[in-house]
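Below are two complexes that have chain A in common, paired first with chain B and then with chain C.
Let's look at the complex of A and B:
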């Protein structure tokens, strides 16, 4: 293990990333789609008889938009970066080294986006109408370009295309198979969220007539986008690796047996959230005055659920990799996962464990920490105590032997001592099943011998049977 | 190395990760230059914002003459300052990770709990500044506690960052800290340079925010608001003097707390000496300029003082990086890093930088003209 692993009790490092990321995805999509909304609403208000009233509301929307997107959006963006470097420093390092100038370019784009938003907002009273429209449109174009850049890096992780660790094909990495469909999906989603955000701000209006007009205008952003997302989603699906589709269609056997269908659940969470948003918005469009703030907040929460579903689906579709076919989710490089290297004692290649007695609980605990804790906790999220509740000492060691066969986990790194120590540690989470690592190893070895014994005895038994059969035939012939 | 005598491990036993297999996308000197440039901008934004919040609190608490105008100025400008301090904080960390990734990632994981805590802390401190601004009329009683809490949280974030950067330079500490707390509930409090370095960083805001107040005083003088101009200039000058005094004190403390062989390099005639001497010279020039600017209420001099102070910050930032290389010298050499240059992408970045800056300058001038014209009416 090249880097230390951040052990977060109960929730795990991965869920910390997921919590920050889903909040950021919602806000960042609002930040871009909201720019388009501001630009279009600027033009729209100029063509309305009561344009001044609409613009007065638009200023309220812009205030909410600016505070919400800069405070929560910008800082959670930094937060994702901080959290991924804790959860997966090896993968973060690879992404940073491969895409450093793409990221630097995105930073300039973000700087411009932020500055244009301030110029638009602080020049509200003094900028000419045409210049305000220009700034709003410029803001949207610049913000969308920041998505364009980030989208290349995000989709690379699941569908790296022609890129390999050896060829460094940056163009192939960036414009990978998932790039365009993901860009279109995200563009549609940002329009949808912009409409929901505008409905939220409009729901606070006391002027019913104005509220009705703005809510109706905002609903027109939601419904077409909600219809487009499944179409682009189908396109995206066609670019997914076969292993991801197999996982979705067939599931995977979990650590404790049974079928791991989480990816399906997250997929359906996203689909159902999208469907509910579309239906609810249609109802709201029929009676826009009736929109209450609590309903608008509920719609925003549904959008958050949709984002949760989609982002978790994307994360699970990558399993067992964090960068497809290059780096496993627990920082094991694919090129290092040869049978010879995998069979070496785990601590011979790891740097971060203290001195431990072989087969002790501490031995098992550090194997868990460095090899499993990137994705699993002991008692909480993806908790191994629950997952291993049906384990016996022998079944545990055997499960670890064929870990990668499940399709969602990396191969186990280490020898039989490491597997026995880890099994002992996981079983000891339940005091009633606690067993020493050395005993686990003995039981496992006995079971292996017993399994091999019938095969070894087979020729002898077979020859006896054959002799008996021949004897019987001879007796028959003698009788004749 | 005195700082490390509590834990001595042989270099072979240190858990320093291997560098990234992809290598650097540009020669280290180019990445360093970009890191220096952007970190200077970040530090200026930090000093502006934190200094502004602290001066605003001081003016309000002491009920200084003109405190209403001063707090108004900082109330309107600190949320913007915060926004840019976050934005300018990204690229230096990016380039730092490219060059020193194996060090900064390791220390970040070891301090994982406090490192990730900076995210909600930044949101709180930033949000509090907007709350302070937007609730000014509706909730006047909130003003002081909200601003104070923002200042405290900002000071805490700075402490976390200094913890992480100092720990990244001392791999000798890593194993013990990580084994004691794999969940990252650790700190680098055992580091002798931690507090001097932190206090040094926290002294600079008084200088920069003070200079900004002198500059605003000069603008107010142009606008014929003589009394306000004098009040701004007076507080600005006092703040700058206090900041300079603290910088000298904490700078001396930092030099004293450095491992002797590294401290000796500052006077050994190498790059460290050059950057240190340059920083001191620029500090004296900027102090002289701001003195004149304050006395004569000259806008040009106050802008020149800020420009020179920015160069001073850049010189000390380069010294800081040189000291980092001295710390890491037993384990890390810049010239041993593999370079797989990506000139095409660098070109795209450079073009974006130029086009972006030109565009921003043009639109900013246009908006500023509108704002100034409106004020003139």
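Let's look at the complex of A and C:
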């Protein structure tokens, strides 16, 4: 960890990024799908006898669309940059430096997208019909291209493909195994969200007949997309690394202190939300004039929950990495995670060396802030007080020793002092279990000695078995 | 064909006004509907349901609270049955631990049951306060209001009885404190507490009682009372607030409950269903360590948030004033029961407006005391 400055009590840096990002995902998908909706609705209105009435409604939709996507989309987009560079400066830096041209393209595309949208919206009365249709279609194509670019970078983080830190294979990184299925999923999802956004605007109409027509038209954007997402999802699933599937499967049972795979629950959140969007839309399509604004808002919230489920799933599938197999989520580079380097006193390896007494509570707190706080809080989301409720001084130090064996955690960086200091800090969150770091260390060392003592007296066969077990462990690690 | 059937004496004729709703006689659904209605002439029942309509104005979403409660209750029944498959009152903590750690999706189902209970209680409050401030309790709906209050009470009892069943530390001590408050009541307090506990202290005996209450007595009572409550609403129709009544007839807009309003409600319910999964994914209900009857109560044991107001309120009456405090706490539900008989004028008169003001103060007090209890 480079910069231990951002401490968000209760929520944690990761969840702040997630909250901003999921809202941004909903809005940005609407910003693209809504462009397709505008373009198709332009053509549709031209074929209707009362095209002017429909276009009057379309103008309302465009107003909502413009304000909603440009204001909230831009704010949350910038918010993502602010939060990720604080939560994970190393990963942000890596993404910027590896994908310089992609970001430059994205910036230009974004500028073009906004310009075309303004031309379309503010030329509503003056532009010719054919030019309006052209602008709407152009907006959609440009906006979709911005998705194309960002999708390459996002999917890279989980499935970097042939890219490594050494070979800089950017084409392989961009067109990675997850690229195409994710692009198709997102394209279907944005059509779905566009339909829901149109239903939201249409729900305000007082003319029941017109409302029913527009709601029926909008529902046709939702239902096919909702059917396509599982298909593309299956394709995406087939590109996931085995470690992600294992993590998912281990999450069917257990919770919190058990098997730690909330990825499973978030997967089901997205599946259930998607299914419920489809059921709700079909119910409304039976009687489109009955669509009430509260129902339309509920549908939008369902879409948000679906996005939360899917994006959390995607993020959690990478555990314990932020860039798969390259950078751990707490900014430890995989190439730095050698047994020798990991065993160094932690602060000597860290770029920041806080002045603390060894084994003091401050020592433990700094280890927490530098190594844990990217993902954990003390007493809130993924709160360590709850997770360590069953810890004893000895079991705590031992747990940290083999942290990476959890599958979802990076290896611990530091020596016995660092582990004892962190254990003491975490146990002291509960005043009844408070214990000094030096005492934790003594207890741990006594336990280690007691464990080793009978081994020395083991008969010959026993020690052979022990050696065989250690050999097997070593072989396993070698395989890894 | 239809003519031939009508000649058979057992076959009821279909009223003409109904024909329009049944669709074309040549379609499958049209045929099925006619065949069923000939055999089972439930037309008056359908008509009885069809007349309910919901006034349309800016705040008509408040009318969704009752339906949402029914949805949460349904979720509770379904997830409750699933939990019952594995729950054993004889070894409560171990069986819940098994549900949480071994049963596939057991932890998820339990979390959904927990969150649905909380949102159900929250919705009870919203339903109660919205009905109160719309003054829907006034003549002729006194009995509907009282059955609603009964349902609110039963919901709290549901929460309280379910809270003990996992038999972890938190459950044990929270229920022990709750019952000891009950014990302090004059006259019947000790007797009632003894019955609730099945002894002088909360023990495994208590589990059996709370379990029977939670999975049998309360569900049956609630279902019966919901039936009555809905029947009364159906007979009298939905109440209209004074502001809406004042509007000229041309501006008063309504929607039929079946199916327009119901169709708008369904996405809201389903969204709530997904919200339960979201909350369960983000904040799964954890299981504490097994209750130790002889252990000292850990710090910070409090009842669930919806019981905090009376719990914390009692702290305003220290020592010998506690009895007075209980009296004051007991007056709140009493006042709610008698309010339809005090505030009767439509549109509201000075007394009605006073009741509203007292209600606002009561709501603010309730929120403040709950917050005080939560953060203290």
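To be clear about the criterion, the second predicted complex is superposed on the first by the 446 of 480 C-alpha atoms of A that agree within 3 Å, B and C clash if a C-alpha of one lies under 4 Å from a C-alpha of the other, contacts with A are read in each partner's own complex, and residues count from 1 in each chain.
Criterion: a residue touches a chain if its C-beta (ideal position, glycine included) is under 8 Å from a C-beta of that chain, and two chains touch if they have at least 3 such contacts.
Given the structure is predicted, the values throughout are model-derived calculations rather than measurements.
Trainee: Would chain B and chain C fit next to each other on chain A once aligned, or clash?
Mentor: In the arrangement built by aligning on chain A, the partners chain C and chain B fit side by side.
Trainee: Can A:105 be said to touch chain B (first), chain C (second), both, or neither?
Mentor: first
Trainee: Looking at A:286, would you say it contacts chain B, chain C, both, or neither? Reply first, second, both or neither.
Mentor: The answer is second: A:286 touches chain C but not chain B.
Trainee: Considering only the touch criterion stated at the top, classify A:261 as touching first (chain B), second (chain C), both, or neither.
Mentor: In the superposed model, A:261 contacts neither chain B nor chain C.
Trainee: Using the touch criterion from the header, give the chain among chain B and chain C with more contacted residues in chain A.
Mentor: B
Trainee: Looking at the overlay, does A:273 come into contact with chain B only (first), chain C only (second), both, or neither?
Mentor: Only chain C is touched by A:273; chain B is not.
Trainee: May I ask you to decide whether A:301 touches chain B, chain C, both, or neither, giving the answer as first, second, both or neither?
Mentor: Second partner only, chain C.
Trainee: On the A-aligned overlay, A:386 touches which partner chain: chain B = first, chain C = second, or both, or neither?
Mentor: Second partner only, chain C.
Trainee: Just to be sure I read the superposition right, which of the two partners does A:11 touch: chain B = first, chain C = second, or both, or neither?
Mentor: Neither chain B nor chain C is touched by A:11.
Trainee: Have a look at where A:361 lands relative to chain B and chain C in the superposition and call it first, second, both or neither.
Mentor: The answer is neither, since A:361 touches no partner chain.
Trainee: Between chain B and chain C, whom does A:115 touch in the aligned arrangement: first, second, both, or neither?
Mentor: Only chain B; A:115 stays clear of chain C.
Trainee: What is the minimum C-alpha distance, in Å, between chain B and chain C after the two complexes are superposed on chain A?
Mentor: Value for chain B versus chain C, nearest C-alpha atoms: 18 Å.
Trainee: Taking the complex as given, what residues does chain A use to touch chain C?
Mentor: These residues of chain A touch chain C: 252-258, 262, 265-266, 268-269, 272-273, 276, 279-280, 283-284, 286-287, 289-292, 294-296, 298-299, 301-302, 305-306, 308-309, 312, 381, 386.
Trainee: Going by the contact rule at the top, pick out the chain B residues touching chain A in the complex.
Mentor: So the residues of chain B touching chain A come out as 15-18, 20-26, 31, 34, 80, 83-84, 86-87, 89-91, 93-95, 97-98, 101-102, 105-106, 108-110, 112, 115-116, 118-119, 122-123, 126-127, 130, 134, 174-175, 178-179, 182-184, 340, 342, 344-346, 348-349, 352-353, 356, 359-360, 363-364, 366-367, 370-371, 373-374.
Trainee: Could you please specify the touching residues of chain C with respect to chain A in the complex?
Mentor: Residue list for chain C touching chain A: 61, 64, 100-108, 111, 255, 259-261, 263-268, 270-271, 273-275, 277-278, 280-282, 284, 286.
Trainee: Spell out the part of chain A that touches chain B in their complex, as residue ranges.
Mentor: 2-9, 13, 16, 20, 63, 67, 70-72, 74-76, 78-79, 81-83, 85-86, 89, 92-94, 96-98, 100-105, 107-112, 114-116, 118-119, 122-123, 125-128, 131, 135, 138, 165, 168, 170, 351-352, 354, 369, 373
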